[in-house]
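Should a chain be cited, it is by its letter among A, B, C and D, assigned in written order, with residues numbered from 1 in that chain.
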Amino acid sequence: MSLLSLTHRTPRQASFGRGLVNLLTAVAVVAGLVAALLAMVGVDPAGTAQAMWSGSFGTLRSTGETLIRATPLLLIALALIPSLRAGLYNIGAPGQMAFGALASTVIALQAPTLPSAILVPACAIGGCLAGALTAFLPGLLKATWRANEIITTLAMNFIAVAVLGYLLTGVMQSDFANLPQSDSLPANSALPTFIPGTRTHIGLLVALLAVPLLWAADRSRLGYRLRIFGANPSLARQAQIRPGRYTIWLMTLGGAGAGLAGWMQVAALDHRLYVGIATPVGYAALFVALLGALHPLGTVLAALAFGALLHGGDSLQVGAGVSPEIVQVLLGLILLAYAIRATTSAATGTEGRTRSWTFWKRS
Amino acid sequence: TPGPAAGNGDGDAVHVGLIQEARPDVEPWSLSWHDSIESLKAKNPGMKVTETFDAYDATRAEPVIRQLLDSGASVMVLSTFVLTDVAKTLAPEYPKVPMVLTSFGTMQQPNLSSATASYLEIGYSSCWLLAKLAKDGQVGVVGAQEAPFEVESEEGCRLGAEAAHPGAKVTVVNSNSFTDAQANREQVQNLLDRGIDNIFLVSGTEDTVGGFRLCETAKAHCVTWGGDGRKWAPKAAVLTVELDWSSLLADLTEQARTGKLEAKSWNLTYGNKGLKATGIDEAADVSPELRTEFTTMLAGLADESISLPASKVHPGLR
Amino acid sequence: MMHAANSVAIVDRPAATPAVALKHISKTFGTNAALTDVTVDLRPGEVHALVGENGAGKSTLMKILAGYLPADTGELEVDGRAAPADRVLSGPRVGVGFVEQEGGLIRELTGAENLILAEGTGFLADRAAAGARIRELGNRFGGAVDPHVPVELLAVGQRQRLEILIMLARGADVLILDEPTAALGIEDAAILTEIIERFTADGGGVFYISHKLHEVMSIADRITVLRGGRVVGGHAADQVEVAQLAADMVGQRVAGDENRNGNGSDSAELIEVALGEERARTTASASHEVVGTLTGVCAPAPYVGESALHELDLVVRAGEVVGVAGVVGSGQSTLARVLAGLLRPSTGTAQLPDRVAYVPEHRHDDAVALELSVRDNVVLHSHRRREFCRGPWFRRDRMDQHVEEVLRRSHVRGATLTMPISGLSGGNQQKLVLGRELDECPTLVVAHNPFRGLDVRAIQEVRQAVLGACDQGAGVVMISPDLDELLQLAHRIVVLFAGRILGEVDVADGDLDQLGRLMGGVA
Amino acid sequence: MDLLEAILSTAVRLMVPLLLAALGELIAQRSGVMNIGLEGMIAGGAFTAYAVAMAHWGLAAGTVAALLTGALVALVMAVGAVWARGNQILVGFALFILVPGIANFLYVQIGWTGGAPAVPTVTIPVLSQLPVIGPAFFAQNLFYYVAAVLAVAVWYFFARTRAGMTVTAVGHSPTIAAHRGTSPRRVRTLALLACGALAGLAGAAMSLGSVGSYAPNIVGGRGLIVIAIVILGRWTVPGAIAGSLLIAVLDSLKLNVAEGSVIPLQLFGALPWVVVMLMLVVSYRMRSNTPRTLAQ
């Protein structure tokens, strides 16, 4: 037991105030480090900051791009929160996203003439189901054979890459391209955008819908059972909360979120299926959830910040002439500072024996 | 709304935006674009170039390209065919900016040109030399995947090797990745283990670095295409079929300057000096006689007296 | 007396230099003062018992002595010399072996490995030598245990013996035993007593925490009573009556003491309980209604020191308490798990109600979620009640009322709804578990060592609660290594031996010899 | 050289960096630290080894530099995840992004693209003549032999030494270990440093041994695969060896067999992972050494 610090503030109060202070400290430290780094390679730090800001929020369009980047991160992260709180590490979002995107693509290409009002939801449902199924298997393996979900979900990612590669260089390959990519999707499968002049699509609203749901679930019977399940499976069994079933459902839920994100990626942005559909997003989403301290609002902020960093970082190449490697360093430094300073209180909750990801143990 | 007054700003100040799939330090393909634009810049000191290296998938590239266009880029060079969809979206939105995409196909927009190279000629000349260098006519080809350009290069390779050496045998292996240098090296090693030490590195992408290295230490011969392979294998790279994009780039900057846009379809061949044989003159293992013979062969390719089958990748072009 | 007693702890005796002395120790958790100005010492060769109600601060004091927990203020003297301040505040202390209430061995490692870890010198991990040391010490002090199996595969008694042996092997000259006999059978307890005697004969000192006052009287040389984090009495064991100890523990009835339940259970009554003179017995008699049946049940053992069940038949009727006796490791844990529905029989059938109230033997493993709040732990079953829910959501106000009620009814002290349950003392955690399990009017109650770690008052309360459940029509299966407990509460006692029920004894007839024979495996 | 021989030699070559990194990650995880930052440690090692070798300081200096770099990155992980008690997964992820970024940046900055000197191949006289297994196991570059020796050493460390046992103890229960006078903080820090050094060595084996150069993203996600190997190997050294070899053999099949076979290439990409999942299911009843406080 943690004998070193036994203060009994509720984790919530402890994390909120301290989290904020830590965040600000982290920002200050990182700003200093990055400025020094940039000055070292002969780039004007102030100009870079300016370019970063205008790159991510400067214009309506760039804000829109930031939101676009944030959307799949947010959706997947929110769907992962319940399983992370229960201590399940579903790192299979890339594979689930890929299969979700695949299903959506197949549906859209098979039924290109359906009216938009039918085709769009059909693609969404298909993507969601495919993602859920992809995660269901690791869940099942975990529930029946205690197969470590980190490995099985990672395995599914590689399998997804192989399957997509096979289909996209075979039956699904577009006739016009010498690339592993599908035909382009019919226009009526496209997700509507909701901020004119940007590519920001209604997927963002879908993702945001999950916030109140999570918030409510926390206060519900379901949330309670998840807490018990995450804390002590033996106890859960005594309360007729079947750990196996919950494992499967939690994994499947994460997969459903990722599948939806895959659908959004093809239906709203790429309008084609590529092998690398989930490349930067899939893994990052898990960390967005952790950065957000497994709290729905925290996750919204984390996703937004991450989206801004990703998009703003890309635009630095043009805006400030900063090389992409430096952008990567910058992102890494920010994450590092945040991870060191802020997670102690936010993600670890009561220090010591609590599992680090089950911080949101509200009573 | 169309982009701001790009290209017809203050006279000569042409601003070229170049979207690369990787750093020129790591792969021959990007190096060829980089070198071409540098040589053009040397001739036009006022020219401004913005090169980006890390925005090569469609979703990420679009906003970056827009940002470039909005900040006044007057020529847009999309050096990877992954950006086809993006190009098709952006070209009508910025009708005054001449753009080029490495792709093949009919371009509907007056400001969107396409550019490619004759992979048959690349493969033919590469393997011709390798087959000559190999006493037994054994040539190895290390590719990444059976991408159409690789398949076509390999076909050219077979023709070239057979032309050079009656009993030539071409062995193709793939590393299955455009980025995995370790896998590429393994495949070269496999060829070396089979006694094949004249190798055509056909992928032209990041993975080739592994192959170059092994060729260099194993004193094998390797040939590649794109940018000068001696950057990675000073001795072993006996030949690079260099792609010279500078006349294309010059044409585009000219279009931007004059405002007279015309979509063209570029195909780099020996005939139009888009392909250049680099490195062979300095290669120690190539005898003067062989060098002469090679020059003759290139002339044959250039004047099309060496006939090649119809290209499958870009029908109608060589 | 209460105030005076704070400083008076030591009864006059020949003044040997104390092996260790804790002086003026205070410790608070948040706003909860667990210890206030406590002074105790321990002389070589002496057994010094600490007694007190649940939550009195016994374990906390010992954790401070062992260096597991820093004190807020206070001093430590070792062999008469003051230890430097930082040694008082933290850092495990060599020479002090703490055998914790909940077990302090790394359960994935073997006994030998745990010993190697404790010794901390040398390059190689010589498991054979360490195992030999444990064996040798086991032989010397009595009570052998296999040093080469992972600790988690050992039964509770073996684990504890192992832990003591490791402390001895490490060269501890002060042993702290925190409720060592709470989960032990008679044989194991006897072995423990023997170990203690040999250890003190060699000049070692023992701090001994227990709620069993008779046991304390027979083992200890000196007894200190803690109440509410203060020393309220210090006695030489041969100069004090159990009644006096009990009176010290519960204190005088003080107006406004909200911890006391005002329904006539005053100290005199409790003293009787402590003396073991009280015989609580249900007035209800077993009905014919069967609440649980096992027929021909075979089930695998959950760990190594335990027996599998073979062809076991058992019928539990409403209104009766079935005691299960037997040497520890005869299949009690297996039986409990089968009855609780946590272990499926491999053959045979188990007809059990949907919900079985289960008080498991391993509290931290199976009964509480340590990092969750007291509230979350209490509503484990009742969260399903209609009245607490509005649609899928909880009605927090009603639920909290209910939780308060359960805590009050089960006399859990020092709890707030939102604190993690790990902040409760061992006994209070146990009371909470009992309160929760009996709360939902169960039809079948399976209680495995339900009195583990409870103080006398709590035991009495729990007895009442169990009997109350019986009166309301529940059938109770009570598993305990302590025959006295069974005899006091059960209607009939079945005896387990090597996974079989060897026989049954009707308590009313009270044939104790027969019981003893059965436990020894003689049918 | 026949196909079997080719498959095996390729596999063993591919295995070396995986095994070295897996040994490191094994130590870290046994002490209870889930080190996602492994990728960064490998990348850091790969770059410094290359840079130092290119600066004509020799292969040995390059390798030592890689060791130190890996350990340095591990020190950051230790400060963040152990001393400051930051979330292990997050700190590791930050390093996963940060360090390859720094390495790539420096690579671009120095602008060297030439090849590092070749690592000598050591051929063991008689054994290397054995059919099939000879060339694969007894004629490899120096890193292979180093990895083999280290595998035995790490096995010995955990099986026989007190320090190894202490690491295991801390992984299961830092609290009890602390009660026995062991500082979990120190043990975890040291375990991370060892992990970093081994990962750095794996990086050197990649850049100097396998590729002969640094290349951006040379690690290419192998860090994650190594973590899977450690878990799959049930946190044991033989398991780590078997896991690395399994992944390497399946990779090697993809390189050697896929060509000209009717089986689609992608199947070879998916196959290892199907096998991995099956192995998890099959080994379900095996006793696992999962460190109880892993990632906490």
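Heads up, the rule we're going with is that contacts are C-beta pairs under 8 Å (C-beta built on N, C-alpha and C of every residue); 3 or more make two chains touch, one makes a residue touch a chain.
Chain by chain, the UniProt names read as follows: A, D = ABC transporter permease; C = Heme ABC transporter ATP-binding protein.
Bear in mind the structure is a predicted one, so any value in this text is a computation, not a measurement.
With contact taken as defined at the outset, subunit B and subunit D are each touched by A.
Once the centre of each chain is set as its mean CA position, subunit A and subunit D turn out to be 28 Å apart. One simple way to say how far apart two chains are is to compare their mean CA positions; for subunit B and subunit C this gives 78 Å.
Centroid to centroid, with C-alpha atoms defining each point, subunit C and subunit D lie 47 Å apart. Among all residues of subunit C, those that touch two or more other chains are 68.
Contact of a single residue of subunit B with at least two other chains is seen at positions 145. Residues of subunit D in contact with at least two other chains: 108, 216, 265, 269.
Touching chain pairs in this entry, ordered by label, are A-B, A-C, A-D, B-D, C-D.
Across the complex, subunit A meets subunit C through its residues 1, 3-4, 6-8, 10, 216, 219-222, 224-225, 227-228, 231-232, 234-235, 237-240, 350, 353-355, 358, 361-363. Taken in their complex, subunit A has these residues touching subunit D: 1-3, 41, 141, 145-148, 150-152, 154-156, 158-159, 161-163, 165-166, 169-170, 287, 290-291, 323, 325-329, 331-333, 335-336, 338-344, 347-348, 351, 353, 355-357. Note for the complex: subunit D touches subunit C at residues 160-166, 168-169, 172-173, 176-182, 289, 292. Only residues 1, 6, 9-10, 13-14, 107-108, 111, 113-118, 206, 210-213, 215-218, 220, 251-252, 254-256, 258-259, 265, 268-269 of subunit D touch subunit B when the two sit together in their complex.
Those residues of subunit C lying in contact with subunit A across their complex are 29-30, 63, 68-70, 340, 342, 354-355, 358, 365-376, 379-381, 383-384, 389, 392-394, 396, 417-420, 422-423.
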